[in-house]
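When the chains are written out, they are named A, B, C, D, E and F in that same order, and each has its own residue count from 1.
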Amino acid sequence: MLKMIGEMAIGAVVLLGACIGAISAFGLIRLPDIYLRSHAATKSATVGVLLILAAAFLYFLLYLDHVSVKLLLGIVFVFLTAPVAGHLTGRAAYRSGVSLWKGSVRDDLKQEDSSAQGPL
Amino acid sequence: MMSNLLLLSLAVLAAAILGCLYRLLKGPTVPDRIAALDTIGVLLLSMIAVLCMLFRTTAYLDIILVIGILTFIGTTALTRYIERGVIIEDGDAEDDR
Amino acid sequence: MKKLYATAKLLALFVKELFISSYAVILHIIRPRLAVRPGIFALETELESDWEITLLSCLICLTPGTLTLDVARDSRTLFIHAMDIGDAGLLSQQIKGSFEKAIMEVTRP
Amino acid sequence: MELYMSLAIGVLFTVGVYLILSKSLLRIILGTSLMTHGIHLLLLTMSRLKRGAPPLLGEEAEAYGDPLPQALILTSIVISFGVTSLYLILAYKAYRKLGTDNMELLRGEEDE
Amino acid sequence: MTHLHMAILLPFLLAAACRLLQKLLSRVHAGWLIIPAPALLFIYFVTRIPSVQEGHAISGRIPWIPSLGIDFTVYLDGLSLLFALLISGIGTLVVLYSIYYLDKRKELVGLFYIYLLLFMGAMLGVVLSDNMIVLYAFWELTSISSFLLIAFWHNREKSRYGALKSMVITVFGGLAMLAGFVLLYVMTGTFSIRAIIGDLSAIMGDGLFAPAMLLILLGAFTKSAQFPFHIWLPDAMEAPTPVSAYLHSATMVKAGLYLVARLSPVFSGDALWFWSVSLAGMVTLIYGSYRAMKQTDLKAMLAYSTISQLGLMMSLLGLGSASAFYSVGSQSLLYTAATMAAVFHLINHAVFKGALFMVVGIVDHETGTRDIRRLGGLMSFMPLTFSIALIGSFSMAGLPPFNGFLSKEMFFTAVLNITGMDKLNMESFAILFPVAAWIASIFTFVYSMLLLFRTFLGRKQPDKLDRKPREAPVGMLLPPIALAVLAILFGLFPNLLSYSIIEPAMAAIHPGQLVPGEHFVVTISHWHGWTTEIFMTIGVVLAGTILYKLHARLSAIREPLWTRRLTLNRTYDEGLRLLDTGSRRLTNRYMTGSIRHYLIYIFVFLIAAIGWTIFRTVDLAALHLADFAPMSLFEAVSMIVLILSVIAVPFASSRMIAIILTGTAGYMVTLFFVIFRAPDLALTQIIVETVSVTLFLLCFNHLPELKREAAALRFKLSNLLIAVGVGAAMTLLALIASSERSFESISHFFLESSYKLAGGKNVVNVILVDFRGFDTMLEILVLGIAAFGICALIRLQPGTSDKQALPANEQDNGRGKRSRTSNLAVRSNDVILKTIAKAAIVIILLFSLYMLNTGHNNPGGGFIGALMAAAALILLAMAYGRRTLRKVIPIDYRVLTALGLSVAILTGIGSFLFDAPFLSHTFGYFDIPLLGTTELATAMLFDLGVYMTVVGMTMTIILTIGRDK
Amino acid sequence: MNNLLVLPLLIPLSTGVILLFLKNKMIAQRWISALGMVLNLASACLILYQVKAEGIQTLHMGGWLPPYGIVFVADMFAALLLLMTSVVSIGCLCCAFGTVGGARERNYFYPFLQFLLVGVSGSFLTGDLFNLFVCFEVMLISSYALLVLGGTRLQLRETLKYMLINIVSSTLFVAAVAYLYGTVGTLNMADLSLRVAEAGQEGVLNVIAILFLVVFAIKAGLFLFFWLPGSYSAPPAVVTALFGALLTKVGLYALIRTFTLIFYHEPAAAHSWIGWMAGATMILGALGAVAYSDIGRILNYNVIISVGLIAFGLAASTEESLNGVVFYLLHDMAAKALLFILGGIIVGLSGTRRLQEMGGLMKRCPPIGWMFFLTALAIAGIPPLSGFAGKLLLIQGGLRAGYYGLSAVSLLTSLIVLYSLLRLFMAAFWGEAKAQPASLPPSSGFALMPAAAAAAVSTSTRRAPASASTSARAITLAPVRKRLVLASGALLLIVISMGIGSEWVYSFTAEAGETLMNPAIYIDAVLKE
């Protein structure tokens, strides 16, 4: 019985994670420019995958008596690299000249660039 | 019961991947595609984790980390490439610490 | 010991922010009409070492709604893309008040 | 399952061959890699998809999948990886030097 | 090794030593060094006459390829002796003649004599060999040496033309003859002619008998220049005249006659043989003599004359075979008269034709021309030569008292005899033979007279000659004088030859017509009374004289156009030209250079072959599709995604999409690996797929965007049709193969013994590094070679500049944009990436080592571990640059690759130390402090080799590509 | 268990790896390559000796018994091919020194050469079908590298095509292995033979046999030879010599092995296909050989003709014809290598590949002329040179088996071979020397010596007064020329002695043929230890 509830809980967490992933994918489709899409992609997916991996870790720990170092390592790795990936994508977009969505209200980086352009 | 939940999650994840595929193919800019790829990688990795639970095996757990690593390196490489035209530069510019 | 405590606090702060802003971003995404005013703002930071700056940037990145676009060459300024910029000054203050302080508590004696 | 796998293999081969017969070097190379996927799935299908456990003896199971085709596929993957890399670089160099990626233009009767 | 063997080998040995001798005695004309050989041989063969006459054949055997029934068996009987005497006798005279004919200061006489000696040896080999294969070998050698001699003045276009022509035709015949020989062998099991003659029962009635005969005749006819294969002989006259005299009149061209005579015992008695030999000869006789009349070049005239005379002898041999239709007795002997005539004429022809050739050579040598239109009245300048020519021509024309008269009479006798033959429906056709013979004799008379009178009599035309004619030197005259003397001698005392030469030769040709112990009785006399033959001769002289008178006027009438267009020479030339152009057109038609065409041929062939075989041998209705495993919804969805992404590839509008779709297919395949319980595969596939996609993107970013294939519908449709065909074939085969399983796989062994015998729980890994470790060793070798190949490909560039090869759009590919971005890039700050990379690299490296270590029992292994390590290194390089990478990890990756290969090899070689098979592994459990009980297997060492190689090769490729900008 | 068997593979492998370490030490590379080749020859001789003395030798890789592990099997057929491979490769290596150019040498030419041998030897020795695929790949990837090394336009273009065809055929190869494994569940060839015999070669096995036929036909250039003439004319002649002598032979070997050991049950099916293909190959090859006036193409089509001839023997599959197949294969390896080397020298000497532009070489280099002449005769099958006995056996076997048409075709193609080669001989060596182009266009390939070198050589032969620079070059090139003449002379000597000593050669080939004819001998040796 207890096992069943536990499994249910794990299943639910997994489903939640999957849903968050799906939403982030939805954001990826819906949002208007790469910078906004980046938000959806990086963050929501991270949360989703963390939930799922954590659930998996728990599942193996509880039901297969298996402490999966690989899974832990995986969680750490995803957690560590996800923000960097977002950062790199955004910067690459900006550096390669992808313009901001027309609804954007401010661009400090542009001023910085143009001010730095001359003396360099 | 749990396996039903897991299967449902798989379906949701698969749908999410399809969505990303749309962005991947549609673009319009290269960074869009990179973001889409990155997300696909992460979703795929989640999918493998779910499959592991479903099959009650630890055999595929390595794949999770592998996908994570590849996604990261792939993203890094691609962004480098569109930013600078090369992936591996010769060395640090002096003024770049 | 104090460090450990500071770290735990940073972690807790982060998890809180993570979920709150996740919720916010998700709401933005699934709302039928897109009601955001995105933009890029500069954030002057007092942090110095690579690790500190990296940590801050990562936290900013991980926190939904904000994304570190670039770091100035002197590592003094972070350029941050925000999903809903509202008042940039306020956002800067928020970040400096929460993350920057927490990081300094961890890294500096 | 074998039926559908066979169909999938057929599709991989069909598209692979179709691409190989086109003019563009890129399509041709993509065609070869689709065909390679095809034979790997074929090897797998030929190992009787009996759905045993993965051939890891650590995992307790009544039946294991056929490990031999897996080993063969691995070897084949690695080899075709090597060959494909070489072919890619060759294609790249050839394009730089010959100035075209249209294989129909590379007949080469003119300078013999 | 008998004397006969030595006789054959002597010319070859001398040829080999010729160069040396010439060097030692450089002042002497090489001919003087050579001439002892044929002379010696002639003397030797003369001394053999008595014993052969007694019926004691000489034989000897040197084994060559006994297993194939091929021995160097020599056999000297009457027939061989006749030819051997001709070869060595005429050979001596020809060499003597050539010493004066070829100027040693102007010509490469050494080479000439080497060729000539080769020919002499080969010709002796032909007539002395009993083994058909050895005979064939010498036969071809005569063709080759003839080829070399004809082209002796190879700067002349016509010499080369004539040489190739003779080679092609005679070798063609030789090959046909070989086929005939092999057919005889297939029937009888022996290559020995004597053995076959000894037991004819094996071949009688065999279906292969007639083909064998015809094929062999083809060989004989081409060699002996029988119509229509004679066309090479006139062109062979480009050879120096001694060669023409020797090869192309006295000896080589008679090899065909020899062959027919030699195999008469085998084939005679068969109607086909009789008809083909006698008719071919008769046609050649008439045709050759007619054409000879038409020639204006003395040598060409002699060439056609030779053709016609060869036809004469050939037909005589055919007529002689009529005797085989009768049992031993007088009637049988009646027809052997033809054979007798053939043998006698063989000698006579060699004598008078040899003399005439030498005369022509003298004329050519002294006047510089052979054209009878420019010659005339030479009698006064060269009386001796004229005398010889007179004797030779009269003999050739068949006038008494010269030897040619006798053999011509015998020829008439033979053709008249045949009218009395009562077999083979001879009654209706037989009259053709005497009529044809008579007409041909008239022609012969005419050209003989033309030859003599147009050259030596009539108006002198010194103005048309290059130099003033004078008598030839004595040495040059001596050989033709000798031959002329013989012509008279044999004419006056024909029986000089009867007992010693002709009778034994006939005995060899007709062994069946003799009761053992007896011999033919040959007596040749001049006068038989007023027989039909003598009237025929008178008729010949009368008609010939008239024709000669008319000749000048007749030849003024030009030949009709159609005969000139349809000549055989034209046929040969046009045939070769047709072969050239036709083959070029055909070959160019399918060898287009287009790889697509080649692939289409291959695929069409594949589809046809497989389709046909399936259609023929497989019952498609009996497939057991029901036994297949079921499919779940998830799998169905995955499969649909796979199929959709694959089908979408051809429709992709940009290269990026095409590559990504292909990559998607690859990842879906990975998913199937997971579904079908193959973790190692999934791991490897996903890494390899990623690396491949990256490589694709990198390499093809430089290539132009995909254009819609601007191709005709037909192009696409044919592609589609073929593609569907191949796909369908693969699917069908897969279905058939998976429903027709009759055996348990050998895999159970691996599952059972992986842990027990090889100490690993990951069976796939154990197979890779142990059970089939050898595959893996070669597999990493492939990777290594690929890496070094890529290096070489990128580094090795020929010095030519290829700027113009690049299309314009490539050269300034986004230059402007790039410069802007790189400008910006200089000012970026990578602090985030660099910092995180440090941690990530540590994690990846740890994971890599873990993979390497755990591979034997869990998914993973050297290959995957290595790719992970490479990933870490690449990350390092990306974040910090190449220089830092080199500083942190100072390894030459090419050396690392080589080292890895070495480790793998050494692991294999290590087993030699324990006298175990290559690549044997051992394993054991050891207690190691800190780690506890640990399993160590040498297989892991092997895996380490794999690991190093793959790291090395991956890094080599990546860094090399990165540098090529 | 006989570890000796791995040596023909291990020696070139180790040599190649050692060479990889010796980056730019060219002299050392040459010496070590040569040493490796000589050792290889020695090991091949030893193996041949053992096989002759003790019968078929086997080696179980890693000690795993067949049918589970990979097994190396040396029967007489394999041993003979190994021996000839090592001989030919020594010849080609000697010619490679100083002629392939320093740039190629520095870019791993010698290691690639060794690795090519690894693949070739492995293919001959392995008794495992999948391992055969792997060995093929080793051979092929080395051949890609050797083909493209130099990077001229011609090479790049032709390598693209060559690689594509081979990728396709390798894919089909694996597919065929997969089908076969799926049907009978094993990979060891002897075991396959048993199981195929038990299952009966009807139905699906017949189809699989055809698939194998297609695969090996592509590799061997049997009927599906379209890729061959183009790609073989791209690299330098030494490389083409090796390819012509070895690569198509490996394809033929695989064809012969599979269709005598595994799929020998239904001659009506696969063997009649082979027969038709052999005939078409000979005819098309012969037409191709007379169609062109480009020396490279003429020689390449000659390769194709011999493939057809050998396949004809396989189609007939009588004891005689199989003996002939072995004999002819051996002859053809040596003779073709020699032919290509000589062809390369001709192109180098005359500075052109077109017959119309050549001439008069006999005055400049008589030894080469006579060697070419003899080689032409040998290839045309003129006795007593090496081509004869094999051809005779093939024709005997063919006629005995009732293949009259094919026998006729093979005899006629002999004539065309002779015609095409003699035409080449006459054009190149006889007549007057033509005005020479200053140097070969860079895209032409195939020359064994650059034209400048050749000019120097001819200068040195004529002893004409030469400018200082030419004579200096002549001095450096004289050893090259001497080595080329020596190497081709040695190969020619082999061709001649194989012909004269046919009986001795036959004592080996007959044993090989017997094993091919009776698969049981092979199977017993492999499976019953």
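Quick note on the criterion: a residue touches a chain if its C-beta (ideal position, glycine included) is under 8 Å from a C-beta of that chain, and two chains touch if they have at least 3 such contacts.
Because the structure is a prediction, the values reported are computed rather than measured.
Peer 1: Note the connected groups of chains, using the touch definition above, after excluding chain D.
Peer 2: Drop chain D and the rest stays one piece.
Peer 1: Counting one step per pair of touching chains, how few steps separate chain D from chain E?
Peer 2: Step count on the best path from chain D to chain E: 1.
Peer 1: Farthest chain from chain A, going by mean C-alpha coordinates, please.
Peer 2: E
Peer 1: What's the chain with its C-alpha centre farthest out from chain C?
Peer 2: E
Peer 1: Name the chain with the Cα centroid closest to the overall protein Cα centroid.
Peer 2: F
Peer 1: Rounded to a whole Å, what is the gap between the Cα centroids of chain B and chain E?
Peer 2: 62
Peer 1: How many angstrom between the C-alpha centroids of chain C and chain A?
Peer 2: 15
Peer 1: What whole-number Å value describes the gap between the mean CA coordinates of chain A and chain D?
Peer 2: 33
Peer 1: Compute the distance, rounded to whole Å, between the mean C-alpha positions of chain B and chain C.
Peer 2: Taking the average C-alpha coordinate of chain B and of chain C, the gap between them is 24 Å.
Peer 1: Quick check on chain B: which residues sit in contact with 2+ other chains?
Peer 2: 10, 30, 58-59, 62, 65, 69, 72, 76, 78, 80, 83, 96
Peer 1: Can you list every residue of chain D that touches 2 or more other chains, as numbers and ranges?
Peer 2: Residues 20, 25, 38, 42, 45-48, 53-54, 56, 68, 75, 79, 82-83, 86, 90-91, 93, 97-98, 103, 106, 108 of chain D touch two or more partner chains.
Peer 1: Which chain A residues reach two or more other chains?
Peer 2: 24, 26, 38, 42, 46, 70, 73, 77, 80-82, 84, 87-88, 90-91, 95-96
Peer 1: Using the touch definition up top, name the residues of chain B that touch chain E in the complex.
Peer 2: For chain B paired with chain E, touching residues are 7, 10-11, 14, 18, 21, 24-25, 30, 33, 44, 48, 51, 59-60, 62-63, 65-67, 69-70, 72-74, 76-78, 80-81, 83-93, 96.
Peer 1: Where on chain A is chain C touching in the complex?
Peer 2: Checking each residue of chain A against chain C gives 20, 23-24, 26-27, 30-33, 35-36, 38-40, 42-44, 46-47, 80, 82-84, 86-87, 90-91, 94, 100-101, 103-110, 112.
Peer 1: Per the contact definition, I'd like the list of chain E residues that touch chain C in the complex.
Peer 2: For chain E paired with chain C, touching residues are 827-829, 831-832, 834-836.
Peer 1: For chain B, which residues are in contact with chain A within the complex?
Peer 2: Answer in residue numbers: 1-2, 4-6, 8-10, 12-13, 15-17, 19-20, 22-23, 29-32, 34-36, 38-39, 42-43, 45-46, 49-50, 52-53, 56, 58, 61-62, 64-65, 68-69, 71-72, 75-76, 78-80, 82-83.
Peer 1: For chain C, which residues count as touching chain E in their complex?
Peer 2: Residues 50-51, 53-54, 57-58, 68, 70-73, 75.
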